[in-house]
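Here come two complexes built around chain A, the first alongside chain B, the second alongside chain C.
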Partner chain A sequence: MANTFIKLGGVELTSAQSSLNFTSIPQTYTDLILVCSLRTTNSGDFGVPILRFNGAANNNNMTHRGLMLESGGVSGGTNSEGLVIRRCPGANAPADYFGSATIWISNYASSTAHKFFQGIFASPRNQNTGSAIGMNACAWSDATAISEINILDNNGNSFAQYSSAYLYGVSNA
Partner chain B sequence: MTTETKTKVIVNCETGETQTIPLTVEELAQLEIDAAEYAARKAEQDAKAAALAAAKASAEAKLTALGLTPEEIAALR
Partner chain C sequence: MPATFEKVASTTLSSPALSITFSNISQAYTDLQIHLRCKAASANGQHIYVRMGNGSVDTTNVYSNQALYTRGAPGSGTSGDWASSFSSQYYIPYTSYMSSDSNKFSAFQFFVFNYSATNTKKAIQSFNNTVTGNGSEYPAVEYSNAMVNISQAINIIEFRHSNGSINLDVGTSITIYGIKKA
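Moving on to the complex of A and B:
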(Lines of atoms letter the chains of each structure in order from A and count residues from 1; the text may use other names and numbers.)
(Lines give C-alpha, C1' and ligand atoms only; values in the text may rest on other atoms or scores of the structure.)
Protein backbone atom coordinates (compact mmCIF):
# COMPACT_ATOMS: atom_id res chain seq x y z
CA MET A 1 0.00 0.00 0.00
CA ALA A 2 1.25 3.42 -0.90
CA ASN A 3 2.52 5.49 2.00
CA THR A 4 3.35 8.59 -0.03
CA PHE A 5 0.87 10.54 -2.11
CA ILE A 6 2.37 13.87 -3.14
CA LYS A 7 0.91 16.47 -5.50
CA LEU A 8 3.49 17.11 -8.21
CA GLY A 9 1.55 19.76 -10.09
CA GLY A 10 -1.87 20.88 -11.14
CA VAL A 11 -3.75 23.39 -13.22
CA GLU A 12 -7.25 24.71 -13.77
CA LEU A 13 -7.63 26.33 -17.16
CA THR A 14 -8.47 30.01 -17.33
CA SER A 15 -9.11 29.74 -21.07
CA ALA A 16 -9.49 26.94 -23.63
CA GLN A 17 -6.26 25.04 -24.33
CA SER A 18 -5.33 22.45 -26.93
CA SER A 19 -3.53 20.30 -24.39
CA LEU A 20 -2.60 20.03 -20.73
CA ASN A 21 0.99 19.01 -20.13
CA PHE A 22 3.00 18.00 -17.09
CA THR A 23 6.75 18.27 -17.66
CA SER A 24 9.89 17.57 -15.61
CA ILE A 25 8.12 14.84 -13.66
CA PRO A 26 10.39 13.66 -10.81
CA GLN A 27 11.61 10.09 -11.29
CA THR A 28 11.57 9.29 -7.59
CA TYR A 29 8.10 7.76 -7.13
CA THR A 30 6.79 4.26 -7.76
CA ASP A 31 3.65 5.24 -9.71
CA LEU A 32 1.75 8.31 -10.83
CA ILE A 33 -1.91 9.16 -10.38
CA LEU A 34 -3.56 11.69 -12.66
CA VAL A 35 -6.90 13.20 -11.63
CA CYS A 36 -8.77 15.16 -14.30
CA SER A 37 -11.95 17.14 -14.71
CA LEU A 38 -12.42 17.78 -18.41
CA ARG A 39 -14.75 19.30 -20.96
CA THR A 40 -13.96 19.99 -24.59
CA THR A 41 -14.96 22.72 -26.99
CA ASN A 42 -16.12 20.08 -29.45
CA SER A 43 -19.33 21.29 -31.06
CA GLY A 44 -20.53 17.70 -31.05
CA ASP A 45 -21.72 15.73 -28.09
CA PHE A 46 -18.49 14.68 -26.45
CA GLY A 47 -14.75 14.88 -26.40
CA VAL A 48 -12.34 11.97 -26.54
CA PRO A 49 -9.36 12.68 -24.27
CA ILE A 50 -6.17 10.69 -24.73
CA LEU A 51 -2.80 10.54 -23.06
CA ARG A 52 0.58 10.70 -24.72
CA PHE A 53 3.96 10.68 -23.06
CA ASN A 54 7.19 12.60 -23.40
CA GLY A 55 5.82 14.94 -26.05
CA ALA A 56 5.12 12.19 -28.59
CA ALA A 57 3.64 13.70 -31.73
CA ASN A 58 1.24 10.84 -32.38
CA ASN A 59 -0.34 7.68 -30.97
CA ASN A 60 2.43 5.35 -32.11
CA ASN A 61 3.07 2.40 -29.75
CA MET A 62 -0.17 3.04 -27.86
CA THR A 63 -2.96 0.50 -27.44
CA HIS A 64 -6.04 0.38 -25.28
CA ARG A 65 -8.84 -1.97 -24.36
CA GLY A 66 -11.86 -0.93 -22.42
CA LEU A 67 -15.49 -1.08 -21.51
CA MET A 68 -17.97 1.76 -21.61
CA LEU A 69 -21.63 2.13 -20.73
CA GLU A 70 -23.48 4.95 -22.44
CA SER A 71 -26.92 5.58 -23.86
CA GLY A 72 -26.49 2.94 -26.55
CA GLY A 73 -25.56 0.26 -24.01
CA VAL A 74 -22.28 -1.38 -23.13
CA SER A 75 -19.53 -1.38 -25.70
CA GLY A 76 -16.04 -2.75 -25.77
CA GLY A 77 -13.22 -1.11 -27.55
CA THR A 78 -9.69 -1.68 -28.62
CA ASN A 79 -7.55 0.55 -30.74
CA SER A 80 -4.13 2.02 -31.23
CA GLU A 81 -4.49 5.00 -28.93
CA GLY A 82 -3.89 5.94 -25.33
CA LEU A 83 -7.62 6.25 -24.98
CA VAL A 84 -7.79 5.96 -21.23
CA ILE A 85 -10.55 8.52 -20.60
CA ARG A 86 -12.62 8.09 -23.75
CA ARG A 87 -15.44 10.54 -23.00
CA CYS A 88 -15.98 13.98 -21.54
CA PRO A 89 -18.73 16.50 -22.24
CA GLY A 90 -18.62 18.63 -25.38
CA ALA A 91 -20.10 22.02 -26.10
CA ASN A 92 -23.63 20.61 -26.29
CA ALA A 93 -23.63 19.75 -22.59
CA PRO A 94 -24.86 22.25 -19.98
CA ALA A 95 -22.16 24.79 -19.17
CA ASP A 96 -21.26 23.41 -15.77
CA TYR A 97 -20.88 19.76 -16.85
CA PHE A 98 -17.42 18.23 -16.69
CA GLY A 99 -16.25 14.64 -16.92
CA SER A 100 -13.98 13.16 -14.29
CA ALA A 101 -11.25 10.58 -14.59
CA THR A 102 -8.61 8.98 -12.41
CA ILE A 103 -5.67 7.31 -14.09
CA TRP A 104 -2.99 5.15 -12.54
CA ILE A 105 0.35 5.01 -14.35
CA SER A 106 2.47 2.15 -13.06
CA ASN A 107 6.24 1.94 -12.94
CA TYR A 108 6.54 5.17 -14.93
CA ALA A 109 10.20 5.79 -14.12
CA SER A 110 11.47 2.48 -15.43
CA SER A 111 13.87 2.75 -18.34
CA THR A 112 13.63 -0.95 -19.18
CA ALA A 113 9.92 -1.85 -19.07
CA HIS A 114 6.97 -0.96 -21.24
CA LYS A 115 4.41 1.25 -19.50
CA PHE A 116 0.86 0.35 -18.50
CA PHE A 117 -1.83 2.71 -17.33
CA GLN A 118 -5.46 2.26 -16.52
CA GLY A 119 -8.29 4.53 -15.62
CA ILE A 120 -11.92 4.97 -14.73
CA PHE A 121 -13.96 7.82 -16.09
CA ALA A 122 -17.43 9.29 -15.96
CA SER A 123 -18.92 11.85 -18.29
CA PRO A 124 -22.15 13.37 -16.98
CA ARG A 125 -23.65 14.01 -20.35
CA ASN A 126 -22.94 12.22 -23.55
CA GLN A 127 -24.65 12.09 -26.94
CA ASN A 128 -27.30 14.45 -25.57
CA THR A 129 -29.13 11.71 -23.75
CA GLY A 130 -27.22 10.55 -20.73
CA SER A 131 -23.95 9.88 -19.07
CA ALA A 132 -21.10 7.58 -19.94
CA ILE A 133 -18.95 5.63 -17.53
CA GLY A 134 -16.17 3.23 -18.21
CA MET A 135 -12.78 1.80 -17.55
CA ASN A 136 -9.84 1.33 -19.84
CA ALA A 137 -6.45 -0.29 -19.74
CA CYS A 138 -3.70 1.05 -21.95
CA ALA A 139 -0.16 0.14 -22.87
CA TRP A 140 2.65 2.24 -24.21
CA SER A 141 5.12 -0.10 -25.86
CA ASP A 142 8.09 2.05 -25.05
CA ALA A 143 10.66 1.48 -22.33
CA THR A 144 11.57 5.15 -21.96
CA ALA A 145 10.95 6.62 -18.52
CA ILE A 146 7.97 8.96 -18.47
CA SER A 147 9.05 12.51 -17.70
CA GLU A 148 6.17 14.26 -19.43
CA ILE A 149 2.42 13.59 -19.67
CA ASN A 150 0.34 15.17 -22.40
CA ILE A 151 -3.45 15.22 -22.28
CA LEU A 152 -5.13 15.93 -25.63
CA ASP A 153 -8.49 15.56 -27.27
CA ASN A 154 -8.21 12.85 -29.89
CA ASN A 155 -10.44 14.68 -32.33
CA GLY A 156 -8.31 17.81 -32.24
CA ASN A 157 -10.50 20.08 -30.11
CA SER A 158 -9.46 22.13 -27.12
CA PHE A 159 -10.23 21.62 -23.46
CA ALA A 160 -12.65 24.21 -22.15
CA GLN A 161 -12.07 26.81 -19.47
CA TYR A 162 -12.22 25.39 -15.91
CA SER A 163 -11.01 21.98 -17.04
CA SER A 164 -8.40 20.82 -14.57
CA ALA A 165 -5.77 18.16 -14.05
CA TYR A 166 -3.66 17.24 -11.05
CA LEU A 167 -0.72 14.87 -10.96
CA TYR A 168 0.34 12.93 -7.87
CA GLY A 169 3.39 10.85 -7.13
CA VAL A 170 2.85 7.62 -5.22
CA SER A 171 5.57 5.72 -3.44
CA ASN A 172 5.33 2.28 -1.91
CA ALA A 173 8.62 2.59 -0.08
CA MET B 1 -11.11 38.67 -39.47
CA THR B 2 -9.04 37.39 -36.58
CA THR B 3 -7.44 33.98 -36.43
CA GLU B 4 -7.60 32.07 -33.18
CA THR B 5 -4.16 31.26 -31.81
CA LYS B 6 -4.21 27.78 -30.35
CA THR B 7 -2.25 27.40 -27.16
CA LYS B 8 -1.33 24.71 -24.68
CA VAL B 9 -0.68 24.85 -20.98
CA ILE B 10 2.48 23.39 -19.45
CA VAL B 11 2.94 22.62 -15.77
CA ASN B 12 6.56 22.16 -14.77
CA CYS B 13 6.49 19.68 -11.89
CA GLU B 14 10.01 20.63 -10.82
CA THR B 15 9.51 24.37 -10.50
CA GLY B 16 5.74 24.56 -10.13
CA GLU B 17 5.68 27.10 -12.95
CA THR B 18 2.70 27.10 -15.33
CA GLN B 19 3.11 28.45 -18.85
CA THR B 20 0.70 28.98 -21.71
CA ILE B 21 2.40 28.87 -25.10
CA PRO B 22 1.22 28.85 -28.74
CA LEU B 23 1.28 25.56 -30.64
CA THR B 24 4.06 25.08 -33.16
CA VAL B 25 3.31 24.64 -36.85
CA GLU B 26 4.06 20.92 -36.43
CA GLU B 27 1.68 20.61 -33.49
CA LEU B 28 -1.09 22.37 -35.41
CA ALA B 29 -0.54 20.01 -38.34
CA GLN B 30 -0.70 17.02 -36.00
CA LEU B 31 -4.02 18.27 -34.61
CA GLU B 32 -5.40 18.21 -38.13
CA ILE B 33 -4.10 14.69 -38.67
CA ASP B 34 -5.56 13.53 -35.33
CA ALA B 35 -8.94 15.02 -36.18
CA ALA B 36 -9.00 13.43 -39.65
CA GLU B 37 -8.00 10.01 -38.29
CA TYR B 38 -10.60 10.21 -35.55
CA ALA B 39 -13.31 11.23 -38.03
CA ALA B 40 -12.45 8.29 -40.28
CA ARG B 41 -12.53 5.81 -37.39
CA LYS B 42 -15.80 7.23 -36.09
CA ALA B 43 -17.41 7.00 -39.54
CA GLU B 44 -16.33 3.36 -39.74
CA GLN B 45 -17.71 2.62 -36.26
CA ASP B 46 -20.97 4.44 -37.02
CA ALA B 47 -21.39 2.43 -40.22
CA LYS B 48 -20.83 -0.82 -38.33
CA ALA B 49 -23.35 0.20 -35.67
CA ALA B 50 -25.91 1.13 -38.32
CA ALA B 51 -25.42 -2.19 -40.11
CA LEU B 52 -25.85 -4.05 -36.82
CA ALA B 53 -29.03 -2.13 -36.00
CA ALA B 54 -30.44 -2.87 -39.45
CA ALA B 55 -29.64 -6.57 -39.09
CA LYS B 56 -31.35 -6.66 -35.68
CA ALA B 57 -34.44 -4.93 -37.05
CA SER B 58 -34.57 -7.36 -39.96
CA ALA B 59 -34.17 -10.35 -37.64
CA GLU B 60 -36.93 -9.06 -35.37
CA ALA B 61 -39.27 -8.56 -38.31
CA LYS B 62 -38.65 -12.14 -39.40
CA LEU B 63 -39.26 -13.43 -35.89
CA THR B 64 -42.51 -11.46 -35.74
CA ALA B 65 -43.54 -13.01 -39.04
CA LEU B 66 -42.92 -16.42 -37.51
CA GLY B 67 -45.40 -15.58 -34.75
CA LEU B 68 -43.16 -14.54 -31.86
CA THR B 69 -44.54 -11.83 -29.56
CA PRO B 70 -42.51 -8.67 -28.76
CA GLU B 71 -41.95 -10.07 -25.25
CA GLU B 72 -40.57 -13.31 -26.65
CA ILE B 73 -38.28 -11.41 -29.01
CA ALA B 74 -37.08 -9.22 -26.14
CA ALA B 75 -36.31 -12.35 -24.12
CA LEU B 76 -33.90 -13.46 -26.86
CA ARG B 77 -31.79 -10.31 -26.63
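Moving on to the complex of A and C:
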Protein backbone atom coordinates (compact mmCIF):
# COMPACT_ATOMS: atom_id res chain seq x y z
CA MET A 1 0.00 0.00 0.00
CA ALA A 2 1.30 3.41 -0.91
CA ASN A 3 2.65 5.73 1.68
CA THR A 4 0.25 8.66 1.88
CA PHE A 5 2.21 11.19 3.90
CA ILE A 6 4.27 12.82 1.18
CA LYS A 7 6.51 15.87 1.47
CA LEU A 8 5.40 18.42 -1.11
CA GLY A 9 7.94 21.07 -0.35
CA GLY A 10 10.09 22.71 2.27
CA VAL A 11 11.96 25.91 2.90
CA GLU A 12 14.60 26.95 5.41
CA LEU A 13 15.59 30.59 5.30
CA THR A 14 19.24 31.41 4.72
CA SER A 15 18.56 35.05 5.56
CA ALA A 16 15.66 37.01 7.02
CA GLN A 17 12.65 37.08 4.70
CA SER A 18 9.18 38.58 4.92
CA SER A 19 7.38 35.35 4.13
CA LEU A 20 7.67 31.64 3.63
CA ASN A 21 5.73 30.51 0.60
CA PHE A 22 4.49 27.36 -1.05
CA THR A 23 3.27 27.83 -4.60
CA SER A 24 1.84 25.53 -7.25
CA ILE A 25 0.67 23.09 -4.60
CA PRO A 26 -0.46 19.84 -6.25
CA GLN A 27 -4.21 19.31 -6.13
CA THR A 28 -3.95 15.54 -5.87
CA TYR A 29 -4.16 15.09 -2.10
CA THR A 30 -7.02 15.18 0.37
CA ASP A 31 -5.49 17.23 3.17
CA LEU A 32 -2.36 19.24 3.82
CA ILE A 33 -0.20 19.23 6.93
CA LEU A 34 2.18 22.12 7.51
CA VAL A 35 5.00 21.89 10.05
CA CYS A 36 6.75 25.13 10.96
CA SER A 37 9.69 26.33 13.03
CA LEU A 38 9.56 30.13 13.18
CA ARG A 39 11.19 33.19 14.71
CA THR A 40 10.62 36.80 13.69
CA THR A 41 12.83 39.86 13.67
CA ASN A 42 10.23 41.79 15.65
CA SER A 43 12.00 43.74 18.39
CA GLY A 44 9.58 42.49 21.06
CA ASP A 45 9.21 39.15 22.77
CA PHE A 46 7.18 37.57 20.03
CA GLY A 47 5.88 37.72 16.50
CA VAL A 48 2.41 36.88 15.20
CA PRO A 49 2.57 34.48 12.25
CA ILE A 50 -0.50 34.24 10.05
CA LEU A 51 -1.52 32.21 7.03
CA ARG A 52 -2.97 33.53 3.82
CA PHE A 53 -3.92 31.53 0.76
CA ASN A 54 -3.52 32.03 -2.96
CA GLY A 55 -1.62 35.28 -2.60
CA ALA A 56 -4.46 37.16 -0.88
CA ALA A 57 -3.52 40.75 -0.10
CA ASN A 58 -5.57 41.01 3.09
CA ASN A 59 -7.29 39.00 5.80
CA ASN A 60 -10.80 39.31 4.41
CA ASN A 61 -12.99 36.24 4.83
CA MET A 62 -10.72 34.82 7.51
CA THR A 63 -12.25 33.97 10.86
CA HIS A 64 -10.50 32.43 13.80
CA ARG A 65 -11.15 31.23 17.29
CA GLY A 66 -8.54 29.94 19.66
CA LEU A 67 -7.28 29.16 23.10
CA MET A 68 -3.86 30.33 24.17
CA LEU A 69 -2.05 29.89 27.45
CA GLU A 70 -0.05 33.05 27.79
CA SER A 71 -1.73 36.12 29.19
CA GLY A 72 -4.44 36.68 26.63
CA GLY A 73 -6.71 33.67 27.04
CA VAL A 74 -9.44 33.14 24.48
CA SER A 75 -9.51 35.11 21.26
CA GLY A 76 -11.73 35.28 18.24
CA GLY A 77 -12.49 37.52 15.33
CA THR A 78 -13.99 37.85 11.89
CA ASN A 79 -12.23 39.23 8.86
CA SER A 80 -9.21 38.77 11.04
CA GLU A 81 -5.90 37.14 10.55
CA GLY A 82 -5.43 33.50 9.73
CA LEU A 83 -4.31 33.17 13.31
CA VAL A 84 -3.60 29.51 13.37
CA ILE A 85 -0.13 29.93 14.87
CA ARG A 86 -0.40 33.21 16.80
CA ARG A 87 3.01 33.29 18.43
CA CYS A 88 6.66 32.70 17.67
CA PRO A 89 9.75 34.16 19.35
CA GLY A 90 10.83 37.71 18.54
CA ALA A 91 14.21 39.36 18.71
CA ASN A 92 14.04 39.70 22.49
CA ALA A 93 13.90 35.96 22.92
CA PRO A 94 17.21 34.22 23.54
CA ALA A 95 19.23 33.39 20.46
CA ASP A 96 18.29 30.20 18.68
CA TYR A 97 14.79 30.04 20.19
CA PHE A 98 12.24 29.02 17.58
CA GLY A 99 8.56 28.29 17.97
CA SER A 100 6.90 25.20 16.54
CA ALA A 101 3.51 24.67 14.97
CA THR A 102 1.60 21.94 13.19
CA ILE A 103 -1.35 22.89 11.01
CA TRP A 104 -3.90 20.68 9.30
CA ILE A 105 -5.79 22.03 6.27
CA SER A 106 -8.76 19.84 5.44
CA ASN A 107 -10.18 19.41 1.94
CA TYR A 108 -7.85 22.06 0.53
CA ALA A 109 -8.38 21.10 -3.12
CA SER A 110 -12.16 21.39 -3.07
CA SER A 111 -13.64 24.02 -5.36
CA THR A 112 -17.03 23.93 -3.62
CA ALA A 113 -16.33 23.83 0.13
CA HIS A 114 -15.10 26.58 2.39
CA LYS A 115 -11.76 25.80 3.99
CA PHE A 116 -11.26 24.92 7.62
CA PHE A 117 -7.82 24.65 9.13
CA GLN A 118 -6.55 24.22 12.63
CA GLY A 119 -3.30 24.08 14.47
CA ILE A 120 -1.41 23.74 17.68
CA PHE A 121 1.65 25.77 18.50
CA ALA A 122 4.24 26.36 21.17
CA SER A 123 6.44 29.43 21.35
CA PRO A 124 9.26 29.94 23.84
CA ARG A 125 9.60 33.59 24.80
CA ASN A 126 12.34 34.15 27.32
CA GLN A 127 13.58 32.64 30.52
CA ASN A 128 11.39 34.84 32.69
CA THR A 129 8.00 34.62 31.05
CA GLY A 130 8.02 31.08 29.77
CA SER A 131 6.21 29.89 26.69
CA ALA A 132 2.97 30.51 24.90
CA ILE A 133 1.02 27.46 23.79
CA GLY A 134 -2.34 27.16 22.16
CA MET A 135 -4.75 25.65 19.69
CA ASN A 136 -6.66 27.54 17.06
CA ALA A 137 -9.32 26.94 14.45
CA CYS A 138 -9.71 29.11 11.38
CA ALA A 139 -12.22 29.33 8.57
CA TRP A 140 -11.56 30.82 5.18
CA SER A 141 -14.95 31.63 3.67
CA ASP A 142 -13.84 30.94 0.17
CA ALA A 143 -14.51 27.90 -1.98
CA THR A 144 -11.42 28.35 -4.13
CA ALA A 145 -8.98 25.47 -4.11
CA ILE A 146 -5.79 26.31 -2.24
CA SER A 147 -2.79 26.32 -4.55
CA GLU A 148 -0.57 28.69 -2.60
CA ILE A 149 0.18 29.14 1.10
CA ASN A 150 1.86 32.26 2.44
CA ILE A 151 3.20 32.44 5.99
CA LEU A 152 3.52 36.07 7.03
CA ASP A 153 4.04 38.10 10.18
CA ASN A 154 0.88 40.04 10.94
CA ASN A 155 2.91 43.10 11.94
CA GLY A 156 5.00 43.10 8.79
CA ASN A 157 8.19 41.83 10.35
CA SER A 158 10.47 39.36 8.70
CA PHE A 159 11.15 35.81 9.70
CA ALA A 160 14.65 35.18 10.98
CA GLN A 161 17.30 33.04 9.37
CA TYR A 162 16.77 29.30 9.91
CA SER A 163 13.01 29.66 10.13
CA SER A 164 11.55 26.73 8.25
CA ALA A 165 8.32 25.22 7.02
CA TYR A 166 7.53 21.87 5.44
CA LEU A 167 4.36 20.91 3.64
CA TYR A 168 2.99 17.37 3.42
CA GLY A 169 0.14 15.89 1.42
CA VAL A 170 -2.17 13.23 2.81
CA SER A 171 -4.37 11.24 0.46
CA ASN A 172 -7.38 9.03 0.99
CA ALA A 173 -6.99 7.48 -2.44
CA MET B 1 12.62 3.31 4.79
CA PRO B 2 9.41 1.48 5.72
CA ALA B 3 6.14 3.28 5.26
CA THR B 4 4.86 4.47 8.63
CA PHE B 5 1.74 6.38 7.65
CA GLU B 6 -0.63 4.46 5.41
CA LYS B 7 -4.27 4.59 4.49
CA VAL B 8 -6.15 1.71 6.06
CA ALA B 9 -9.68 2.48 4.88
CA SER B 10 -11.76 5.34 3.55
CA THR B 11 -15.40 6.13 2.91
CA THR B 12 -17.01 9.14 1.25
CA LEU B 13 -20.78 9.26 1.23
CA SER B 14 -22.44 9.58 -2.17
CA SER B 15 -25.86 9.38 -0.51
CA PRO B 16 -26.92 10.24 3.05
CA ALA B 17 -26.38 7.55 5.67
CA LEU B 18 -27.13 7.19 9.36
CA SER B 19 -23.68 5.92 10.16
CA ILE B 20 -20.30 4.96 8.80
CA THR B 21 -18.74 1.81 10.20
CA PHE B 22 -15.27 0.45 9.58
CA SER B 23 -14.97 -3.22 10.42
CA ASN B 24 -12.14 -5.73 10.12
CA ILE B 25 -9.64 -2.93 10.68
CA SER B 26 -6.12 -4.15 10.02
CA GLN B 27 -4.14 -4.94 13.16
CA ALA B 28 -0.81 -4.26 11.50
CA TYR B 29 -0.27 -0.80 12.95
CA THR B 30 0.47 0.74 16.32
CA ASP B 31 -1.84 3.76 16.30
CA LEU B 32 -4.68 5.04 14.16
CA GLN B 33 -5.13 8.59 12.94
CA ILE B 34 -8.57 9.27 11.50
CA HIS B 35 -9.50 12.28 9.41
CA LEU B 36 -13.18 13.23 9.39
CA ARG B 37 -14.82 15.76 7.13
CA CYS B 38 -18.47 15.74 8.01
CA LYS B 39 -21.81 17.47 7.85
CA ALA B 40 -25.26 16.44 9.03
CA ALA B 41 -28.25 16.38 6.71
CA SER B 42 -30.30 18.60 9.04
CA ALA B 43 -30.21 20.33 12.41
CA ASN B 44 -31.69 18.91 15.64
CA GLY B 45 -28.81 17.33 17.38
CA GLN B 46 -25.29 18.38 16.96
CA HIS B 47 -22.68 15.80 17.69
CA ILE B 48 -20.91 12.86 16.16
CA TYR B 49 -20.95 9.75 18.31
CA VAL B 50 -18.01 7.38 18.11
CA ARG B 51 -18.12 3.81 19.34
CA MET B 52 -15.65 1.00 18.88
CA GLY B 53 -14.97 -2.55 19.86
CA ASN B 54 -13.76 -5.98 18.87
CA GLY B 55 -16.11 -7.76 16.49
CA SER B 56 -18.97 -5.42 17.39
CA VAL B 57 -19.20 -1.88 18.70
CA ASP B 58 -19.42 -1.58 22.46
CA THR B 59 -22.57 0.36 23.42
CA THR B 60 -22.09 0.10 27.17
CA ASN B 61 -20.69 2.81 29.44
CA VAL B 62 -17.02 2.43 28.59
CA TYR B 63 -16.23 5.87 27.14
CA SER B 64 -15.13 8.78 29.27
CA ASN B 65 -15.17 12.29 27.82
CA GLN B 66 -13.36 15.48 28.68
CA ALA B 67 -12.43 18.55 26.68
CA LEU B 68 -11.15 22.08 26.39
CA TYR B 69 -13.08 24.29 24.00
CA THR B 70 -13.84 27.74 22.71
CA ARG B 71 -16.70 28.43 20.34
CA GLY B 72 -19.33 30.95 19.32
CA ALA B 73 -19.44 34.39 17.80
CA PRO B 74 -16.50 36.73 18.33
CA GLY B 75 -17.08 38.80 21.42
CA SER B 76 -19.87 36.63 22.70
CA GLY B 77 -18.57 33.11 22.53
CA THR B 78 -17.87 30.75 25.32
CA SER B 79 -14.90 28.74 26.40
CA GLY B 80 -14.08 26.32 29.13
CA ASP B 81 -13.82 22.68 29.86
CA TRP B 82 -16.15 19.82 30.47
CA ALA B 83 -15.98 16.20 31.50
CA SER B 84 -18.32 13.29 31.97
CA SER B 85 -18.19 9.97 33.70
CA PHE B 86 -18.13 6.84 31.59
CA SER B 87 -20.95 6.86 29.08
CA SER B 88 -22.09 4.84 26.08
CA GLN B 89 -20.22 6.86 23.45
CA TYR B 90 -17.33 9.17 22.83
CA TYR B 91 -18.63 12.26 21.21
CA ILE B 92 -17.15 14.83 18.91
CA PRO B 93 -19.21 17.99 19.30
CA TYR B 94 -20.92 20.31 16.92
CA THR B 95 -20.76 19.06 13.40
CA SER B 96 -22.10 21.46 10.81
CA TYR B 97 -25.41 20.73 9.15
CA MET B 98 -26.92 20.96 5.75
CA SER B 99 -29.64 23.61 5.80
CA SER B 100 -27.45 26.60 6.53
CA ASP B 101 -23.96 25.32 5.97
CA SER B 102 -24.12 23.69 2.58
CA ASN B 103 -20.49 24.31 1.73
CA LYS B 104 -19.04 23.99 5.22
CA PHE B 105 -17.75 20.71 6.48
CA SER B 106 -16.47 20.30 10.00
CA ALA B 107 -12.96 18.90 10.18
CA PHE B 108 -11.82 16.53 12.88
CA GLN B 109 -8.61 14.67 13.55
CA PHE B 110 -9.19 11.64 15.72
CA PHE B 111 -6.50 9.43 17.24
CA VAL B 112 -6.68 5.94 18.73
CA PHE B 113 -3.48 5.05 20.47
CA ASN B 114 -2.21 1.49 20.80
CA TYR B 115 -5.44 0.27 19.24
CA SER B 116 -4.19 -3.23 18.42
CA ALA B 117 -2.97 -4.01 21.93
CA THR B 118 -4.82 -6.80 23.69
CA ASN B 119 -3.89 -5.94 27.24
CA THR B 120 -4.35 -2.19 27.65
CA LYS B 121 -7.29 0.19 27.78
CA LYS B 122 -7.43 2.54 24.80
CA ALA B 123 -6.65 6.23 24.96
CA ILE B 124 -8.29 8.33 22.30
CA GLN B 125 -8.27 12.02 21.55
CA SER B 126 -9.60 14.36 18.90
CA PHE B 127 -8.84 17.83 17.68
CA ASN B 128 -11.88 19.49 16.25
CA ASN B 129 -12.59 22.47 14.03
CA THR B 130 -16.24 22.95 13.41
CA VAL B 131 -18.86 25.49 12.41
CA THR B 132 -21.08 27.20 14.94
CA GLY B 133 -23.92 29.60 14.41
CA ASN B 134 -26.96 29.28 12.21
CA GLY B 135 -25.69 30.23 8.80
CA SER B 136 -22.75 32.13 10.20
CA GLU B 137 -19.25 30.86 9.95
CA TYR B 138 -17.58 30.93 13.32
CA PRO B 139 -14.95 28.30 13.77
CA ALA B 140 -14.84 26.51 17.07
CA VAL B 141 -11.89 24.60 18.33
CA GLU B 142 -11.99 21.79 20.82
CA TYR B 143 -9.46 19.32 22.09
CA SER B 144 -11.09 16.32 23.66
CA ASN B 145 -9.93 12.97 24.88
CA ALA B 146 -11.15 9.86 26.55
CA MET B 147 -10.17 6.60 28.11
CA VAL B 148 -12.03 3.71 26.54
CA ASN B 149 -12.49 0.89 28.96
CA ILE B 150 -11.82 -1.84 26.39
CA SER B 151 -8.75 -4.06 26.65
CA GLN B 152 -9.36 -6.06 23.49
CA ALA B 153 -7.82 -4.98 20.21
CA ILE B 154 -10.03 -2.50 18.36
CA ASN B 155 -11.11 -3.76 14.95
CA ILE B 156 -14.40 -1.94 14.45
CA ILE B 157 -15.23 1.77 14.76
CA GLU B 158 -18.60 3.38 14.13
CA PHE B 159 -19.41 7.05 13.52
CA ARG B 160 -23.00 8.31 13.66
CA HIS B 161 -24.95 11.48 14.34
CA SER B 162 -26.04 12.00 17.93
CA ASN B 163 -29.65 12.17 16.81
CA GLY B 164 -30.23 8.59 15.78
CA SER B 165 -32.53 9.51 12.92
CA ILE B 166 -30.43 12.21 11.26
CA ASN B 167 -28.21 11.26 8.38
CA LEU B 168 -24.64 12.15 7.73
CA ASP B 169 -24.80 14.12 4.53
CA VAL B 170 -23.39 13.55 1.05
CA GLY B 171 -19.73 14.43 0.95
CA THR B 172 -19.04 13.33 4.50
CA SER B 173 -15.69 11.58 4.32
CA ILE B 174 -13.77 9.51 6.85
CA THR B 175 -10.32 8.06 6.28
CA ILE B 176 -8.38 5.85 8.67
CA TYR B 177 -4.59 5.96 8.53
CA GLY B 178 -2.31 3.51 10.29
CA ILE B 179 0.91 4.56 12.00
CA LYS B 180 3.66 2.03 12.66
CA LYS B 181 6.36 2.11 15.25
CA ALA B 182 8.15 -0.86 13.71
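Heads up, the rule we're going with is that the second predicted complex is superposed on the first by the 158 of 173 C-alpha atoms of A that agree within 3 Å, B and C clash if a C-alpha of one lies under 4 Å from a C-alpha of the other, contacts with A are read in each partner's own complex, and residues count from 1 in each chain.
Just so it is clear, contacts are C-beta pairs under 8 Å (C-beta built on N, C-alpha and C of every residue); 3 or more make two chains touch, one makes a residue touch a chain.
A quick note: this is a predicted structure, and the numbers were derived from the prediction, not measured.
Judged by the touch definition given at the top, the superposed model places A:S111 against neither chain B nor chain C. For chain A, the partner that touches more of its residues is C, with chain B and chain C as the two candidates.
Touch criterion met: A:N58 reaches chain B, while chain C stays clear of it.
In the superposition on chain A, A:N21 makes contact with chain B only, not with chain C.
Within the superposed three-chain model, A:I120 lies in touch with chain C and out of touch with chain B [touch as defined at top].
Look at A:S43: by the touch rule set out above, it reaches neither chain B nor chain C.
Applying the stated contact rule after C-alpha superposition, one finds that A:D31 touches chain C and leaves chain B untouched. Chain A uses no single residue to touch chain B in one structure and chain C in the other. On chain B, the positions that touch chain A within their shared complex are 6-16, 18, 20, 23, 26-27, 30-35, 38-39, 41-42, 49. Across the complex, chain C meets chain A through its residues 3-7, 10, 12, 35, 37, 68-75, 77, 79, 103-107, 109, 127-131, 137-141, 143, 171, 173, 175, 177.
On chain A, the positions that touch chain B within their shared complex are 8-11, 13, 15, 17-26, 48, 57-58, 72, 79, 152, 154-158, 167. Interface residues of chain A, counted against chain C in their complex, comprise 1-5, 30-31, 63-67, 73-74, 76-78, 80, 104, 106-107, 112-114, 116-118, 120, 135-139, 141, 143, 170-173.
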